[in-house]
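Every chain is named by a letter (A, B, C and D) in the order it is written, and numbering of its residues begins at 1.
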Amino acid sequence: MVKKYVLVSGGVISGIGKGIIASSTGLLLKTMGLKVTSIKIDPYLNIDAGTLSPLDHGEVFVLNDGGEVDLDLGNYERYLDVTLTRSNNITTGKIYRDVIERERKGDYLGKTVQVVPHITDAIQDWVERVATIPVDDSGEEPDVCIIELGGTVGDIESAPFVEAMRQFQFRVGHDNFALIHVSLVPTIGSV
Amino acid sequence: MVKKYVLVSGGVISGIGKGIIASSTGLLLKTMGLKVTSIKIDPYLNIDAGTLSPLDHGEVFVLNDGGEVDLDLGNYERYLDVTLTRSNNITTGKIYRDVIERERKGDYLGKTVQVVPHITDAIQDWVERVATIPVDDSGEEPDVCIIELGGTVGDIESAPFVEAMRQFQFRVGHDNFALIHVSLVPTIGSV
Amino acid sequence: MVKKYVLVSGGVISGIGKGIIASSTGLLLKTMGLKVTSIKIDPYLNIDAGTLSPLDHGEVFVLNDGGEVDLDLGNYERYLDVTLTRSNNITTGKIYRDVIERERKGDYLGKTVQVVPHITDAIQDWVERVATIPVDDSGEEPDVCIIELGGTVGDIESAPFVEAMRQFQFRVGHDNFALIHVSLVPTIGSV
Amino acid sequence: MVKKYVLVSGGVISGIGKGIIASSTGLLLKTMGLKVTSIKIDPYLNIDAGTLSPLDHGEVFVLNDGGEVDLDLGNYERYLDVTLTRSNNITTGKIYRDVIERERKGDYLGKTVQVVPHITDAIQDWVERVATIPVDDSGEEPDVCIIELGGTVGDIESAPFVEAMRQFQFRVGHDNFALIHVSLVPTIGSV
């Protein structure tokens, strides 16, 4: 079976329930008998959540491999009954650090290293690689990967990830990529 | 005398002569008796130009301190009769590496480190610090700093620098900040 | 005294209280002893509100001169204790009909008649003309004109009016023009 | 055979050759044995070109039915060997005048008449109606209609037409609608 990807993004305001939508979607797919894994993208420069104040994003969640990550990964583990790794949490810091280190080692020798295509490729490679890692006792590769994109579409912080995911639907094929966009829809009463 | 800043940015297409405008502006100000320094911003992730192919950006220019930088800095040295340092060339790679390293050391402990304000602050701090370094035999602080922003306004690559410079005019005061935007203006003949 | 203008515009969603803000602002200024008039701009193609269903915009309000207008003008009359005329309600239909009729009569002979500057000029001329009409028993010219721009900034319908008002601040001078923008500001609880 | 539509739009600058592209495309299709008609959209408020100075748009072209229109229609007649009518030239003035007159007659009774959907519907209805009119000696209905949208996408003037044409591709089906966008592509030499 070809791997499927579901991207959950948000707009207008944050804190609107992307994590719950992502976890629930994963659980529904699991109920249908699919193996589900998940990736949380946090577009901040911290390498991990270990240095973050719990007042900003809630408790830091500690994974079995010692990774200190966003608490959304705790929800995923409990909803989906899986065991994730620190690689299931992508941050801007991790991606840029990797690309900058590879640049210094000469991996891009002669090239002008840019957000497009080098950062966006690195993001896509990371997602594709992590999506294959087994996360339950069966030791089998997941069928579906839920990707939650933190932050808000339109922020300068998430722009490289939005572009990477835009490209990703072409890399994996439109039939294998679904987008759920969670947004504020203002409603008014009598006017 | 309060330090003055001149930002040279570009739009629509690159390769349209920002470097010449920046160098010439600096030379004009020098002719008026002002001490002029300059900073070149290259919005790529390479730490320095040492790993770049000359086919992309022209010859790598080597500074007195051994820094391998964009050839625009060679133009500045010759036009303005100054001696620049590797810090006079800011790249995305340098800025992100610094911020990520400081995050790991705990400098932002508890904070969510973001493009705004942490990357944009780091850019502004860098510009302000380098603008005070004497660059000629007098050993005196420059009066004016020409900042050339590489790339094209609207690119995802230059967005953090554009935002940093937008904020910078408030930091140093509108009276101390001038903007030269070099752009393609299409003209047509008979229609 | 030079006439002052206050523009009340809205964003994100309509029905958010522009009318109340406009009426209240007018009342506050009146309380300070100023003579206040008002103009309601409705960016629809109906010439007047006589053909509109009350279910869409509320009751049609009938002025002393027989003009059938938006009910906001009723609020203005009651809040400000003034008597308005049908010209105090500008609609897209009125403006375009006038400009098209003048074009047919040859008023623009040889000219390409466009939204900018012909429609936008017509809007500004209309506002300036109506703002001088006395609206209370004193028979004196108003000091202040409140302009309520119906609809939502960003709509295709209101674009010519937004552009006209942008130009208008230069026509009358920045010191004589104030803008109140009423917008939805989403807030969220615990996240 | 289901009627096909080809829209020719322009961007960045005007005067870039939309008329030639439109005429040539029509001629190519005619060479393939198709019956071709054409519509020129001029987003100005003049009802016809009779009041325009030849210095702005070139000579006014007079059709067999006496219609004074944009000279592009002359090109179409010569390229395609057809006889067009004044209805083959749509202007903002014609569309708005029609909609405003119908509003006064009560055709939209109770409705708020707006750019979307009333103006955009009127544009689409006009295009669909005119596209069926035979334009050559055969007296048969054309197979293809070339629509040239004057002005530049992004202008406030052409916005209602751009929106109408966006909707039109859904009305007639994607398979029956092709878009040719003519734009400036700046190129630079050695940098």
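Quick note on the criterion: a residue touches a chain if its C-beta (ideal position, glycine included) is under 8 Å from a C-beta of that chain, and two chains touch if they have at least 3 such contacts.
Chain identities (UniProt): A, B, C, D = CTP synthase ura7.
Only a predicted model underlies this, so the values are computations on that prediction, with no experimental measurement involved.
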Original post:
Per the centroid of Cα atoms for each chain, what is the distance between chain A and chain D, given in Å?
Top reply: 46
**OP:** Would you mind pulling out the distance in Å between where the CA atoms of chain A average out and where those of chain B do?
**Re:** 33
**OP:** Take each protein chain as a node, join two nodes whenever their chains touch, and name the resulting shape: line, ring, star, complete or other.
**Re:** ring
Original post:
Which pairs of chains touch each other?
Top reply: A-B, A-C, B-D, C-D
Original post:
Which positions of chain C touch chain D when the two form their complex?
Top reply: 43-47, 51-53, 56-57, 92-93, 96-97, 99-100, 103-104, 106, 108-116, 118-119, 156-157, 159-160, 163
Original post:
Where on chain C is chain A touching in the complex?
Top reply: 12-16, 184, 186, 188, 191
